[in-house]
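In what follows, subunit A forms one complex with subunit B and a second complex with subunit C.
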Partner chain A sequence: MSIMKISPEAMHETAHMFSIDNYHPLTAMFGRDETASGLGYTIYMVFENFEKRDMDIAKAVFDPHGHLEYETLTKLVPAAAWFEREIKDMFGIIPKGHPDPRPLVLHENFPEGFFPLRKVVRKNQQERGKREYKMRTSDGEGLFEVPVGPIHAGIIEPGHFRFSQAGESMLQLDAKLFFTHRGIEKAVEGKTPDEALHIVERICGACSVSNTWSFCQAVEKALDVKVPRRAEIIRTLLSELERIVNHVGDIGNMPAGVGFNPAISLGGRLKEQTMRLCEAVAGNRFLRGVIVPGGVRQDITHELIVEIREVLKKVRFGVADMGIMFKEQDSFQNRVQTTGIVPKEVAVDLAMVGVGARASGFAHDSRKDFDYGMYPELDFEVCTHKSGDVAARLLVRLEELEVSFKLVDQLLKLLENCEDNTLKADLAYNGPRESWGISESPRGSNFHYVALDNEGKIDRLFVRSASYANWPAVPFAVTGNIIPDFPLINKSFELCYACIDR
Partner chain B sequence: MFKVLERIFKDKIATEQIALTGSDRLRGKIEGSCNSDCLNKCAKACPVKAFQVEGNDYKIDYKKCLFCGKCVEAVAENAAGDLHHSSNDVMPMLIEAGVEATADVLKNKLGRSLHVRHLDAGSCNACDFEMGALSNSYYDLHRYGVAFVASPRHADLLMVTGVVSRNLEQALKMSYEAMPEPKLVMACGACAAGGETYGDTYAIVGAADKVVPVDLYVPGCPPRPSAMIVALLAAADMLKEQM
Partner chain C sequence: MSNEIIAGVLEIIMNNALPGVAQACIMLMCAPLIAGIINKTKAQLNKRQGASVFQEYFDLIKWWKKPTMLTPYTSWIFIMAPIIYFATSFMAAMMVPGFLTNTVTFGDAFVFVYILALGRFFMCLSSMDAATSFGGMGGAREIYVSVLVEPAVMLAVLINASRYHTTTLSHMVMNYDAAYFSVSAVLACLAFFMVILAENCRLPVDNPDTHLELTMIHEGMTLEYSGRLLTLIHLGSFLKIVVFLTLFGALYLPFNIPLVLKIFLGAVVIGIVEIINNKMRLFKVRVYLAAAVVMLLVAIIAQ
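Entry: the complex of A and B
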């Protein structure tokens, strides 16, 4: 992994060079405390380079005793907005001129001047105090606000939304997130990758496989370990199973936004069938406990291959039925078409990923953009739509399900023909290492950065889940729509809170 | 559309009797024995301090257990016994009686009501998804008279998932206070029940019982929907006694 070391003053120029006017999306930007090695605080900027099928990485070095400030990059690279706020909360490095200088991760009960990811702060240091977090509102005659959350009416994750309304139309949405912030990046510090694995698996339930896979990839790349072929096939298979479970669940959940009950019921039933399949394959309904650094822990036996084929054949018919239901219901189509539009320029500027990006005509898919797992050997297409509305996001999911069913077929054949039975390669730790891993979760690309110290313990883990990249697009999508459509628009993105909050 | 409905109709009713046994590979309750020399290795392998050594025997604290299989692996590596995961669910624990709920609660208990408010106090969303699954046609929670409600003011039971985060501590306290008496709290899943999943960090308060009094603990990471149903029905029984 080659990293360009730069001064804080050169960040602008470098970002400009790497991003080429947002042609190369900003994948991640994060801080790191390297004061122990005498380097000071650093900010990493990671841009995706399609042509090289690699990341362009630069790191700006800050003198811990000097001014911890730099000129904000948000005006140049809009996708940097959240990253810069997070770095400010976690390390106290200030982006000067940032359009939204509010805190992001730490809410009111944390004191000012508490920077939890600095190494001087103990892991369990409980600091209580006060800071301000002001919601964005609108003023004017006849305008009013609708506050919602953090505890919602349904069974969903916590977040506070503040709608500024002109009658039924949403003028503005401000979302306060990071309620489930558990300090996971601090929690894994000082643990070996094996010890940290159970925590990484539990960053998020829905994206359990992709989080674990990205993490293991980063560790394996850092330590130059080659994963056995059989393990790679099983990992890819699990990843596609996870996509099937989530897409089936998501398309079954979207009709709940409009009260279309037969589709909810069918969707719920199909999801349960796939989750039971996951339990049979992995011993856990969220496919936890299979992927480990170096390979996998369980094989997929011949009986399981037969079971996977049988169950997925049924689910495939069910999904086709759901497609018919959606297509033939004019009242449903009326609700989803032209609702919650994200234009392509917005998708590109905000560096959106996954279903959200692809529904707006931005063909971003890590499975094609990077070489990992078995994907280079597999035959598949990236599904895109142009309209960027709820209907497009639904159609992308339906089409991707078909692609995933075909991919599973191909993978099962590869598995049957794979004669190597090794499941796991050994890891040997030597010296400080760092690297990154990426995988395509059901919501989009999931990026992990891991730095290991001399003893092979984690010095820094950074997680950028797909939802993190797509959340800033939700306020764009809802503006101008009516408030009863918010649940529908929100469900069409179906973003996790757990993996952005960490 | 009518063709589709016809096909759904032909599938008949999907709703099942609740089974507390999963697939062969399910990592459920830990059974079997293990040589005394290996006990400490198991305890060391456990990431959440759920494997406890008691003399020459072991005890699992199911409130904390993630069912990750590391203790079983440690025994297998050292060929030191036949410790294994059975494919049975671990039963929820009732705090007041200090006992496990039994499968009896599944029988003959129709015709009562329990209103539940879910509260995500910092979970990874796995428990929440499983809670959503309770409403699908396989589990059909409504047949037991249990319903999820939109406000804590309508609720008999607060179902807490996730380890309580600093950012949600106040929301949990306020939701509890908003509930009418008599009220119960269920800590659902290893995070809410044991609080050890992520260790101690600057952003975590701990298990749910650090903030509000808890009446029931549901083990599992996440608990399977069947275990959640047992816990909910046990809660309905507890509530009846308090009325």
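Entry: the complex of A and C
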């Protein structure tokens, strides 16, 4: 992995060179404390390069005793907005001229001058304090605000939404998230990848395969390990199963926003069937514990292959039923069409990923953009729609389900014909290494960066989940819609709080 | 002289008020069952087993036993609104020509409509009283819906008023000929059913099962209530459904079957309609109710 080392002043120019006016999306931007090796604080900028099928990475080095400031990149690369705020919270490196200088992760109850990801801060260090966090509001005749959350009715994770309203129309939405920040990136420091795996698997319940896979890819790439073919097939299969579970659950959840009862029931039933299949495959309903650095822990037996085929055949019929139900219900179509539009320019500028991006006509799918798993050998299409509304996100999911069913068929055939029975390659740690991994979760690409120290222990883990990339687009999607449509729009993205509260 | 007055008053009470109260009490006893039947129908059609049809009774008892929480920022309106809401539903139940009040002369159609409006007015006031965001939104939407419902209900009443030359509900019922089957009767039947759905906050106008506060209409107004006040609101709503179904059965459903059967049939049909529809966009409600108004206008002309 080649990394360009630059000075803070050159960040602007480098970002401009890499992004080519946002043609290459910003995948991640994160800080790292390298004071131990005498380098100081660094900021990594990771841009996706479609042509090379690789990442362009540069790191800016800051002197810890000097001015921890740089000119903000947000005005050049809008997708950098959240990353820069998070780096400011975690390392205290200030982006000058940032359009939104509020804290992102550390809310009012943290003291000023507390930067948890610096190495001088101990794990489990208790800090309480007070700082300012102002919600964005609007002022004017007849305008009012609607605060919602952080505690919601129903079993939802915490998030505070502040709507600025003109009657029923939403003028502006400000979302305050990160209420349950768990400090996972700090917690895994000093652990071996095998120990950290159990924590990484639990970042999120919806995309635990994808998070684990990205993490393992990063570790394997850092240590130059070649994963056995059988393990790759099983990993890809699990990833597609995870996509099926989540897409079925998501399309079954969307009608709940409009009270379309039969579809809610059918969706719930199908999701339960797929989750039981997951339990048969992995021993748990979230497909955890199978993928490990170097390969997989358990095989998929012949009986399981038969069961997967049987269950998915039933689910496939159910999904087709659901598609018909959606198409034929005019009043449902009336609700989803032209609701919550994300224009393509917004999707590109904010470097959206996954379903959200593809529904806006931005064909961004890491299964096609990068070479990982079995995807280069498999035959599949990237599903895109142009309208960018709730209906488009629903259709993209329905079409991707069909693609996933076909992919599982192909993968099961590959698995049956695979002679090689090795499941896991051995890892050997030598010297400080760093690398990244990416995989396509049901919500979009999950990017992990791992740096290992001399003893093979984790020095820095950075997780950019799909939800992290897509959350900033939600306020754009809701503006101009009416507030009773917000639950539906929100459900159409189905973004995860746990993924960003890592 | 004074004896005559007392005797007159007593006679009115004996002939009008007592049967009315008795009838309202019977309807009140049955109201949670009707709500239970709607819920059971929905569950069964969703291929779920669903709760027992008597579940609403247990829920009401549960709420009644719970303490009533009041925020210190509310005024007397907050406490009075559920009582008035329940009382207006109860009065409507006394007036509606059902089982015992067919011979009674009070129960003017206009009084009936605006008594219910009074209850709704106080609920809307109370929704703003606690100054929470969801309550105010619910109240504003309730007013929006009721403004549109009002002409439809009035037209529905006028159809029968013009046919039987009276505005007294019981006189209409006495003259009502269930075998009278015409275009006008069918249109009035369909339109009045649409009005029932809107008036009682059922799908496709409002979703009674949702937990999504941002989409709520009626439920949004009741979010701040607990304990006995909540019980009164729910009882009032259940009673209102029965009142409307009774009126529907007595005046608009052109089949010659017993009224009780018509009410149960109406409950099942509400359940079915709630399953095959999803909630419409808030601003489409006016189209929906405009359709009801047009149907009623045609029904009047066709008569």
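To be clear about the criterion, the second predicted complex is superposed on the first by the 502 of 502 C-alpha atoms of A that agree within 3 Å, B and C clash if a C-alpha of one lies under 4 Å from a C-alpha of the other, contacts with A are read in each partner's own complex, and residues count from 1 in each chain.
Here is the rule we go by: a contact is a pair of C-beta atoms (placed from the backbone, for glycine too) under 8 Å apart; a residue touches a chain by one contact, two chains touch by 3 or more.
If you're wondering where the values come from, they're calculated on a predicted model, not measured in any experiment.
When both complexes are superposed on subunit A, subunit B and subunit C sit side by side without a clash.
By the touch criterion stated above, A:S265 is placed in contact with subunit B and with subunit C alike.
In the superposition on chain A, A:G40 makes contact with neither subunit B nor subunit C. Of the two partner chains placed around the shared chain by superposition, subunit C is the only one that A:V146 touches, whereas subunit B remains out of contact.
Counted by residues of subunit A touched, the larger count belongs to B, out of subunit B and subunit C. Within the superposed three-chain model, A:G92 lies out of touch with both subunit B and subunit C [touch as defined at top].
Superposition on the shared chain A places subunit B and subunit C such that, viewed from the Cα centre of subunit A, they span 60 degrees in steps of 10. In the superposition on chain A, A:G190 makes contact with neither subunit B nor subunit C.
In the superposed pair of complexes, A:G154 makes contact with subunit B and with subunit C alike.
In the overlay built on the shared chain, the residue A:F110 is in contact with subunit B alone; subunit C does not reach it. Once chain A of one complex is fitted onto chain A of the other, the partner contacts of A:I324 are limited to subunit B, with no touch recorded for subunit C.
When the shared chain is aligned, subunit C comes close enough to touch A:F486, but subunit B does not. With chain A used as the common frame, the shortest Cα distance separating subunit B from subunit C works out to 5 Å.
Touched by subunit B in one complex and by subunit C in the other are residues 153-154, 262, 265, 269, 329 of subunit A.
Contact residues on subunit B toward subunit A in their complex (touch as defined above): 1, 3-5, 7-8, 14, 22-27, 47-48, 66-70, 73, 85, 118-120, 122-133, 135-139, 148, 150-152, 162-163, 165-171, 175, 191, 197-204, 221-222, 224.
Every residue of subunit C that touches subunit A in the complex is listed here, in rising order: 42, 45-48, 133-134, 137, 203-204, 207, 209-215, 274-284. Residues 106-107, 109-110, 116, 121-127, 150-151, 153-158, 178-184, 186-187, 195, 198-199, 202-206, 208, 249, 262, 265-266, 268-269, 271-272, 275-276, 279-286, 288-289, 297-298, 321, 324-325, 328-329, 496-498 of subunit A touch subunit B in their complex. Subunit A makes touch with subunit C in their complex at residues 145-148, 153-154, 168, 255, 257-262, 264-265, 269, 329, 331-332, 334-335, 482-487.
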